[in-house]
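This is the structure I want to talk about, given as structure tokens.
Chain lettering (A, B, C and D) follows the sequence in which the chains are written, and residue indices restart at 1 in each chain.
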Amino acid sequence: MDFRDTPDEAAFRAGLRQWLTDTLPAGWADRTPAPGRWDEAFTREWTRKLYDAGYVGLTWPKEYGGGGAPHTHQGIYLEESARVGAPDHIGVIGLGMAGPTIIAWGTDEQKKRYLPPLLAGEEVWCQGFSEPGSGSDLAGARTRAELDGDEWVVNGQKVWSSYAHIADWCILVVRTDPSASKHAGLSYLLVDMHTPGVEVRPLRQITGDPEFNEVFFTDVRVPRDSMLGQPGEGWNVAMTTLLHERGTLGFALTAALERQVLNLVKLAREVGADDPVVRDQIAQQWIDLQALRFTNYRSLTALQKTGVPGPEGSVAKLHWSETNQRLTKLALSLQGLASQLDGDGAVWDGYWQYQQLRSRGNTIEAGTSEVLRNIIAERVVGLPRSR
Amino acid sequence: MDFRDTPDEAAFRAGLRQWLTDTLPAGWADRTPAPGRWDEAFTREWTRKLYDAGYVGLTWPKEYGGGGAPHTHQGIYLEESARVGAPDHIGVIGLGMAGPTIIAWGTDEQKKRYLPPLLAGEEVWCQGFSEPGSGSDLAGARTRAELDGDEWVVNGQKVWSSYAHIADWCILVVRTDPSASKHAGLSYLLVDMHTPGVEVRPLRQITGDPEFNEVFFTDVRVPRDSMLGQPGEGWNVAMTTLLHERGTLGFALTAALERQVLNLVKLAREVGADDPVVRDQIAQQWIDLQALRFTNYRSLTALQKTGVPGPEGSVAKLHWSETNQRLTKLALSLQGLASQLDGDGAVWDGYWQYQQLRSRGNTIEAGTSEVLRNIIAERVVGLPRSR
Amino acid sequence: MDFAFSSEQEQLRASVRDYLRDRYGDERVVALAESDAGWDPSSWRELADMGWLDPSLGLLEHAVIAEESAYALLPAPWFATVALAWPLLDEQLRDAVAAGERSVTLARHGSVTADAGGDTLTGVATLVPDLTSVTDVLVVADGGVYAVEATPDVVVPRSTMDRTRRLGELRLDRTPARRLDASFGPEVRRRSLALASCEAVGVAQRALDLAAAYTKTREQFGRVIGTYQAVSHKVADIFVALQLGRSLAYWAAWAVSEDDPQADVAVSAAKSAATEGAVLACEYAIQAHGGIGFTYEHVLHRYYKRAQWLEAFEGYGRDHRAAVAAAILDSEGAVA
Amino acid sequence: MDFAFSSEQEQLRASVRDYLRDRYGDERVVALAESDAGWDPSSWRELADMGWLDPSLGLLEHAVIAEESAYALLPAPWFATVALAWPLLDEQLRDAVAAGERSVTLARHGSVTADAGGDTLTGVATLVPDLTSVTDVLVVADGGVYAVEATPDVVVPRSTMDRTRRLGELRLDRTPARRLDASFGPEVRRRSLALASCEAVGVAQRALDLAAAYTKTREQFGRVIGTYQAVSHKVADIFVALQLGRSLAYWAAWAVSEDDPQADVAVSAAKSAATEGAVLACEYAIQAHGGIGFTYEHVLHRYYKRAQWLEAFEGYGRDHRAAVAAAILDSEGAVA
């Protein structure tokens, strides 16, 4: 047990830290964070710089453009990026969901076709899993794909698809066999979002921002071989996606929370937080952050030693989401009635207001807390299936 | 709306307050509370005094020895008793469960036979509902009663029966028709605890005290007419009992919590509680108490105006139990490591240690919190039955 | 003892509820919230006609209206006028309010001073509720209370999460003002806390109704989601928080209306429990709705924002609990 | 970076676990807890023979033993000796401990002073863990550390909720004492906090295992109760609290063993989260068991009492969070 960097890790960290200092705009790390509105152009530019410097796909196989590095490097990358508040790569869905699934299920041609532009940020991915009638219940998907010659013809509607409005590709769960049982009738398509018949409609969230989208498919024709796995294997392929979403998410969540805890401390120092009741809660957020961090690292160590992430990793998303909700509420409460302003004139121009509202989605998206507790109880602790 | 006493209520309160001052030992209200061990002789003596002064069964029909008074008098009685920490009547189960059920379901002969000695504390009651295999699941009761001539012959085992070790009578749920469906096969007997074949074994609790008992019935012969309702009506009769247990419990719980909040304030003043984090939590207990109090009163007002308690009364036991658990933990935490002592040398000779351990039963006994949330969701809010 | 509203008060409640149901369905409320004005100024006269602004109403009647108007999320400066400015109005303003001609809010944060001569004010007051909707604003300055017309030249709107109760900034520069024969004292704050608590109860009740309606019908995994305890027990917890908050809010309203010795602790208890309960109710309701409850399209977030507005108004729960702690721990007279 | 114990440490864990499973089943632990002595003094030599008291062990090995011995609720003055007194022992005591001949605790609350001459002590020390089980006690007095024999004439047992870790009072009256060349400093406290956190992890793990085993088999209303989300989600919450506490406890143990600059905040974070997590785990486990979990017969309450003991030891969670707050808010060097 050694919580410190190995010489290799330390060298990687030092190089990255220097690169971030050199590459980010001057004063970036100390700036007051801006409200959540997302700057696409800046993100694309940053993505390119990350890619050119070799910081994208650190742990992915080298043959498809990855870095072939150990998982700790990815952890260090996320830690250091969070510490200075560096932007994300634009391909969040591609890196976290589509890419790992293609690596696991794709043919060699598919890997060569899709992975390099995904890493470079030249092609952005989105996902089409949830539907209006089936949010958490993936097996209830009703979007259908029917074979017509050498093409699948897709009709249906997906929802909660982030990045769909700028996406080039979509990982899409469709029903190809309506006669099969719920799970068995599903397949997993890779759909070009520029195909005629694909319509993206932004869906405004509680924050007022259209972060997610509805995606409508009307007679969308998809080449027959644009499928991961075989027809009917969609459920298993999708489970790989969700496993990766939930599995590799831990470090990204730690990084996000670390940034928020730093912001909270900065805010408390600015507005004054002498009330011991407030200080007690700030300390709790900090403790919750460290608990998340080291729980992820424990899971990672198991992954490196055994090839399987440790079971403790299953708590990351659940713990993060509830912590982030508490943290953002606490940040608002430091502002008195001014907490209710959300634009000019608000503290930090409304950064916290945006974050607090946005946080309510944390316990819903990417597995509701209810579903995650089911998973922990049943798959990790081994209780019988809840009814 | 008027939260103050009417002239009649004020007169009753003044008389009671005077009587308590005159009757309790000198300095009683200001004494440091003693640990939970229960003084049977003192309780019996106090019961007799209460009865002679007319403070028992205040709201019960006059013809059976009650006071025929409005429910507010009972509330005032409990409030004033709590304020000075007066002991309970010995017939807690009789007054709260057996008595109201006999009033609702008993024949005139049964009412005349059982109610007067119950009120006087001359006959103590216990209940036989839970069984080892069915705690919350009353309909799963397996203790059976078979008719043999003019007698029911009872065999089986009950558990969690408080006061059984001193009880003269038991309200007993038995299965009289094994062929009927779960609910329909139950009946409700009034059993003389001195009958041969009744064996009471104390069951020690987490506190070390044997507050509850197991009761074994071996060929216990009960007269045929010692039944409330008809054979097969046991489920409905038992629901009356539980309704009363849960319905009229609110004021007793408020009284108990009021006493605990006063004790907590006393403790905080003694040991010092300058930490604002602690003060915040003490204030929350006080607020929780007031919320309980006025919620009960709202329910009571509905009862007096419409004959049916308001739905808000359903939250009383759930709220009280969780508040009492928080309160007693908080009280321990004011004592530092000394909180772990539980006898001589402990703060207040271990009063709080006993209370804190005892409080863990609050969310289990008389309807678990899980069952109570089901009831609120289904019967009050109207959600479909949980599965 | 009688812990229920009178039959007259219940009749008032029914009439308020009927009016709001007829005139302020969710669609209209949302449209008004998204409009520049944020409300329908012509409706003020309607409220007056129905007697909601009548000087004869007592605090318990106000409590009923506060609860029901928050249940509908009525966008109008009724809270500003009745919960904030009301006790400070002089006869002239009170009559104009009763006639539906004027609406008033109260500005008490910031720094405004009376100029020499005393008939103009200069300075800035911040976080003034409904400032953009009212005709007049009472300003607390130099220990006095002044009435100023809320004309566009002195009013700066501020973007507010709760678009049905926006905050504004008042910028005065030798602005004509009329000194009232009133002083800002604790009773004004008490009153506003009691009515804010009642509003919180209305918000929580709506959150419960929305959560119950949705979880009774929405299906996932082949079952109505209200049959899952993970969902139904949260709905039960909303009910619990609602009822506890309601009991305290009514107590607070009664205690303030009667100038009861416990009025101060009652309003602090009610404010902390009822507004935190309303926030919890909305959060659980959003969670029970899943993704749909997180959209701007759904009405839930508007209640959530009102709940948070109320929680932030005049001190968060911990501030009120500190006041309660002082009352029960630091004074010898037992408050309990 | 490597966040796992070494294979040697895992072998130690397996051997500790095997020994405890063989020798300290629930029945024996309960019998010992209910006995006057509270433990089996002849077992001390066994622990020494197995190397649990070996001076070569580092804090990470101690962390492993602490977690596993708390999982079994081993009644023995191992925690007193190794988590409290250990760093202050001189060679003589250390050798005697390693040989299983002596066991030691630490007395640091109360008022004890050295008498003139310096070879006797007088005064009272309270709340001394396992005082009735050890042969010697180290007493912090007048800035020095003294060794005193824990003979019956100076030891007063105190009834303690956790009968497997009883507190005692030390009454010294010109009692012979030997001054050690050691001083009581923050590193002693740090160490004890880290190991208390590891114990809390063992307690929480046992609570999880008990809750899981019971809810997998117990039926109510015709169904295994683990199929109710009201039950299974609480079990999931135990798992969450356990894993978070475990991560912090291991961090704390490592940081203290390496004298890492973050050692102080690490132990405060671990102590507050792991002990509160253990209390929660036991409370949820008791609730999941229903009435049976509330009986004296069931072993659960013994874990609950240990969890509470650990929570109360050297400051409740809020005290540690105050320390963390000071570190992250009041100093310029960002701890995060």
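One rule holds for everything that comes next: a residue touches a chain if its C-beta (ideal position, glycine included) is under 8 Å from a C-beta of that chain, and two chains touch if they have at least 3 such contacts.
Keep in mind that what you see is a predicted model, and the values were worked out from it rather than measured.
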item	value
Chain pair with more C-beta contacts, A-C versus B-C	B-C
Distance-maximising chain from chain B - centres being C-alpha averages	A
Chain A and chain C: spacing of chain centres that average the CA atoms, whole Å	38
Geometric centre distance via CA averages, chain B-chain A, whole Å	52
Residues of chain D engaged with two or more neighbouring chains	228-230, 233, 318, 322
Junction residues of chain A - those touching two or more other chains	275-277, 280, 370, 373-374, 387
Chain B residues within the chain D interface of the complex	130, 133-137, 140, 159-160, 203-208, 212, 275, 277-278, 325, 332-333, 335-346, 350, 353, 357, 360-361, 363-365, 368-370, 373-374, 386
List of chain A residues in touch with chain B within their complex	275-277, 280, 387
Contacting residues of chain C [partner chain B, same complex]	1-6, 9, 60, 208, 212, 215-216, 223-224, 226-229, 232-233, 235-237, 239-240, 243-248, 250-251, 254-255, 260, 266, 269, 272-273, 318, 321-325, 328-329, 334-336
Parts of chain D lying in touch with chain C, wherever the complex brings them together	228-230, 233
Touch list for chain B against partner chain C, complex	1-6, 9, 72, 75, 258, 261-262, 265, 268-269, 273, 276, 279-280, 282-284, 286-295, 297-298, 300-302, 305, 312, 315, 318-319, 370, 373-374, 376-378, 380-387
